[in-house]
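Chain nomenclature is as follows: A, B, C and D, assigned in order of appearance, with residue numbering initiated at 1 for each chain independently.
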Amino acid sequence: MEAKNVPHVRELLEGSPKNWGKWGKDDEVGSLNYLTSAEVLRGIATVKQGKTFTLQVRMGDPGGDPVWPGRQSAKRMNVMDRGHYLCGKGPRFPGQYEYADDVMFMYLQGSTQYDALGHVWYDDQIWNGYDADTTIGGLAKASVLPIGERGVVGRGILIDMARHRGKEVLGPGETFTHVNLLEAAAKQGVVIEKRDILIVRTGWIGSFYKREHAEFYKDFKEPGLTYSPELVQWFQDMEIPNLVTDTMANEVTVDPVSGVELPLHNALMRNLGVALTEIAQLDPLAEDCAKDGQWTFLYAAAPLKIVGGSGAPVNPIVIK
Amino acid sequence: MEAKNVPHVRELLEGSPKNWGKWGKDDEVGSLNYLTSAEVLRGIATVKQGKTFTLQVRMGDPGGDPVWPGRQSAKRMNVMDRGHYLCGKGPRFPGQYEYADDVMFMYLQGSTQYDALGHVWYDDQIWNGYDADTTIGGLAKASVLPIGERGVVGRGILIDMARHRGKEVLGPGETFTHVNLLEAAAKQGVVIEKRDILIVRTGWIGSFYKREHAEFYKDFKEPGLTYSPELVQWFQDMEIPNLVTDTMANEVTVDPVSGVELPLHNALMRNLGVALTEIAQLDPLAEDCAKDGQWTFLYAAAPLKIVGGSGAPVNPIVIK
Amino acid sequence: MEAKNVPHVRELLEGSPKNWGKWGKDDEVGSLNYLTSAEVLRGIATVKQGKTFTLQVRMGDPGGDPVWPGRQSAKRMNVMDRGHYLCGKGPRFPGQYEYADDVMFMYLQGSTQYDALGHVWYDDQIWNGYDADTTIGGLAKASVLPIGERGVVGRGILIDMARHRGKEVLGPGETFTHVNLLEAAAKQGVVIEKRDILIVRTGWIGSFYKREHAEFYKDFKEPGLTYSPELVQWFQDMEIPNLVTDTMANEVTVDPVSGVELPLHNALMRNLGVALTEIAQLDPLAEDCAKDGQWTFLYAAAPLKIVGGSGAPVNPIVIK
Amino acid sequence: MEAKNVPHVRELLEGSPKNWGKWGKDDEVGSLNYLTSAEVLRGIATVKQGKTFTLQVRMGDPGGDPVWPGRQSAKRMNVMDRGHYLCGKGPRFPGQYEYADDVMFMYLQGSTQYDALGHVWYDDQIWNGYDADTTIGGLAKASVLPIGERGVVGRGILIDMARHRGKEVLGPGETFTHVNLLEAAAKQGVVIEKRDILIVRTGWIGSFYKREHAEFYKDFKEPGLTYSPELVQWFQDMEIPNLVTDTMANEVTVDPVSGVELPLHNALMRNLGVALTEIAQLDPLAEDCAKDGQWTFLYAAAPLKIVGGSGAPVNPIVIK
């Protein structure tokens, strides 16, 4: 795939639509601007049953978390617990209560997470045209902080591609397009509406917990959406504010046509300002939707407000 | 306050109500069990305008985060950014995109956060009677994980004690009771209902950002709710699932009557199973509620699903 | 190896010699007490050429460090560098100088390192009979701190077992005994003297850098010294203060006779107080000794003085 | 001191000597090259008594370590100890031994430490003329790694400026020059020789442990050597390979004449290649030297071999 004839992502995306400036030159949240009060109320209107789901994967699992190769699982460590009191090391306060306390070392993109819009780029410019130099030492522009400040609330819709294809999990490198999403939606009996928060299940992250990790990572190639000008235009026309998937990168690892790696990060996030949410745990939600037939719901998520973060962990909530 | 006659918290809370076993011997989320589907729908019913607010404080602020003395501010560090590409150190992928990546070292209770029910205890037992030894090396029982798995969704109500007392911020060690909460609610024209998620503003955390940090921490004593048997009974009768405040400890630092430190952590959290959410940023929400007169709303929050965590950061969402 | 008939290490070491109390009930450095001023001068007397070697492996290598399975390589991260100045984020001081700064997250036993004498134990007692409860939350007794305070200086002797057996590196699980050490010494033309700091090369750590890491860790079993009562008695009679090897555990991973894992950690370190130094890089030193025929030298090492540490990284120095 | 008329360090050091290229264009250890085998043997020749000292300060002290304002103390955390076994969480191995294990998060310049030669610079060039861009994301040139690989062994000489001035500790901002060093040496009855490793005591770091930390850091200004062209020329003529002090920055914080901050870092380290060792604990050594009158000794130190490090902790050894 690193063959000489793989084009620069700039060439691949020549003429691809851009929303830079659409929400002002100081914008840092992009397509999340589509989520107006009206959209919040549209999300609220879907709630019928009072059921709730949370979409984060477990974090700091001693058995390892699913992380992009090269990153490490979060490591949590106690700095105070009952053991300290057993051996006389626990601090004593008036009233003699005891407590546990802990710290964590983590990759900010090492769990279910929102990408900052400035997380990925080309041609020295990130979302909205900010200079890529602003990423140095921490994102001064288009970090995850403004996304955390704003929050993401609207109507969510789940498209279960794995179920649509009759599989427990899509295969490594297996692709699908917006047309496939529409087919799956039709089969589910739902319509993807403008400004829906689009949640797509492949079964991929769930499979991490069902097999040997070494096997999961071997010849690592995720399934997912694949680039085409039509797909990008569809996202633009549909004004999709946020794409959520149960994969680490929201798209197939390498575009099988051009050989470019992760082109949708640039086409959708850098250029259109679509928020990307990765590594979501969608299996229980999908199971329930298949059972009750309700594939739309209120989606409410707010990543941690990490100053300068290229991303931040999040535990999204779905209310049906 | 460490005078000889400060009673053990066990003595102070003798006869105080307990919900251990109420939701089964395996329960790890306590009073959050009150938040049934009906409560979720009651929360949904409050939404009128489609306005949203997020309640986390900024995290990893180079200027320092508000943390309990002895803990440290989160420290975020880039491991990849445009600088690496400028000097030829950035990795090259097919298509030549570039990216930023970062890691963080943090106290799990070093930002807006949910306490695990097992975070604080006395008499060798945590919430629901689990052995305090289960906290060693990570909470095997009543960690923050089950709270993250469940999520917290219901009707939230904001009581602005600072506004009620005509102050920008309550003073160090200033106390108030459930009776004061009821008075403030009456003045706001709202009624605290059974199973409301109770959100109380003191102005304390907001003041961190408005003055010298050294001054903020000097003779550290937070304002807050103060212990009485009546107050505990009121929480029990009202079936309050979750108490959220803009202080670090949800209660006055030291009970001025008994001299016991943080007795409500044990009376409410250990014994009743009330979830505690600390260090919330409530100023913008309070400002808005004062303006539009809507003090109740949908509250949706889910802390990170950290395995064994004594707590976890959270960015709660309010929808009005 | 986890067969039912593997004895408890307590049974295996029944009657094995112990130096508890030999240097007083408050001792925390054990056999390092053998290194008196006379031994320091005996080490000095070996120096002929003014050649120096350092024995630590590289640390924080982006390609990974050799660590015991389950631990992680040290992770180093810049928090300031020229990039910050390029984009206007570097702080300015009078005179306008610039600087780089960095932090690291590491396992204390994740590089060339001294074990604290309290690092491993059985029967609820660590070195010198201290209660194993003192290890909780940090070693209050027999931590690496007193070793760091004291330092380790004496006559070192290198025994090159790999060379002795005509191999580049010993095989996985390959064992040798003190008798083999004596044979190798004889072939090298040197005599292991009482109180020598014993440095043994297997070629193992060097091999980490010469092959795929996955292959290095596969069916992980290190070569090394293997337990026998005679070997323990030999260490005792020879008053060996410190054993240094180019393996992660100073001994064969599992005793092939009893099936007990790492029995010498207990026989030598817990019971005799012998200091263990692991993951040393011995290849360049061995090469040089083979060339000039000088296998003895001044050895000077002092691990970091980490309060409560179960071990600490060290960069030992050899002077010939 | 940030007055407009503070010159750029480039102007202050105009015409100041440079050793760039002196040891080849690929050199990364600078004046440590002066430490030839002959110098090692000169150091060995000073050893008379077999006494040893270690010069690092304690690290990870729960009470806080002495660190430059803005950095944090090292934080050590257990990940395994006897507590885990008490509650059934400790892993079991054949033979049933138990163990303790820990991790640490630290500033690489947050304890006794060697600066990498590339740690500080001006005019876009670090030691030996390497481009300052090479510092981005980790020092690709003149990092602490080559210093760790080489080690530092030679004759050390202690000059006790505090004792010379009849003080327990020099005052904040108190300065001294090479002439004062010579005076102190004369009073001590020793001669600073060419290529001596120069160790200077001010009492400053020792005072950290004797007073309130808040007081120590208040209006932070260290005592130390102060810039003059003559002093720089003296270091150059004396071919001093390494300057070691018990302060955080090896020099007075601000040059009282020019107002430039830390000019010697550039004059001595960036330009001459002198290795700087900071935050050494010199009090016990000084006490002993005053007692036995032996102020010269073998100095042996090797910082951790941290790949790309701007510095690394070290526990230097002195042998008299």
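Throughout what follows, a residue touches a chain if its C-beta (ideal position, glycine included) is under 8 Å from a C-beta of that chain, and two chains touch if they have at least 3 such contacts.
In UniProt terms the chains read A, B, C, D = Putative cyclase.
Owing to the predicted nature of the structure, the values given are computational and were not obtained by experimental measurement.
In this structure chain B (Putative cyclase) contacts its sequence twin chain C (Putative cyclase) using mostly the same residue numbers, the overlap exceeding half. A count of C-beta contacts for the chain pairs A-B and A-D puts A-B on top. Put simply, the C-alpha centre of chain A (Putative cyclase) and that of chain D (Putative cyclase) have 46 angstrom between them. Averaged Cα coordinates give chain A (Putative cyclase) a centre that lies 26 Å from the centre of chain B (Putative cyclase). For chain B (Putative cyclase), the set of residues that touch two or more other chains comprises 75, 78-79, 81-84, 86-87, 103, 105, 133-134, 136-138. Those residues of chain A (Putative cyclase) whose C-beta lies close enough to touch chain D (Putative cyclase) in the complex are 75, 77-79, 81-84, 86-87, 103, 105. Looking at the complex, you find that chain A (Putative cyclase) touches chain B (Putative cyclase) at residues 1-2, 6-10, 12, 36-41, 44, 47, 49-54, 56-62, 71, 74, 76, 78, 81-83, 85-86, 93-109, 111, 116, 118-122, 124, 132-139, 145, 148-151, 153, 254-255, 258-263, 265-266, 298, 300-311, 313-317, 319. Contacts from chain A (Putative cyclase) toward chain C (Putative cyclase) in the complex involve residues 72, 75, 79-81, 83-84, 86-87, 89, 105, 131, 133-134, 136-138, 140.
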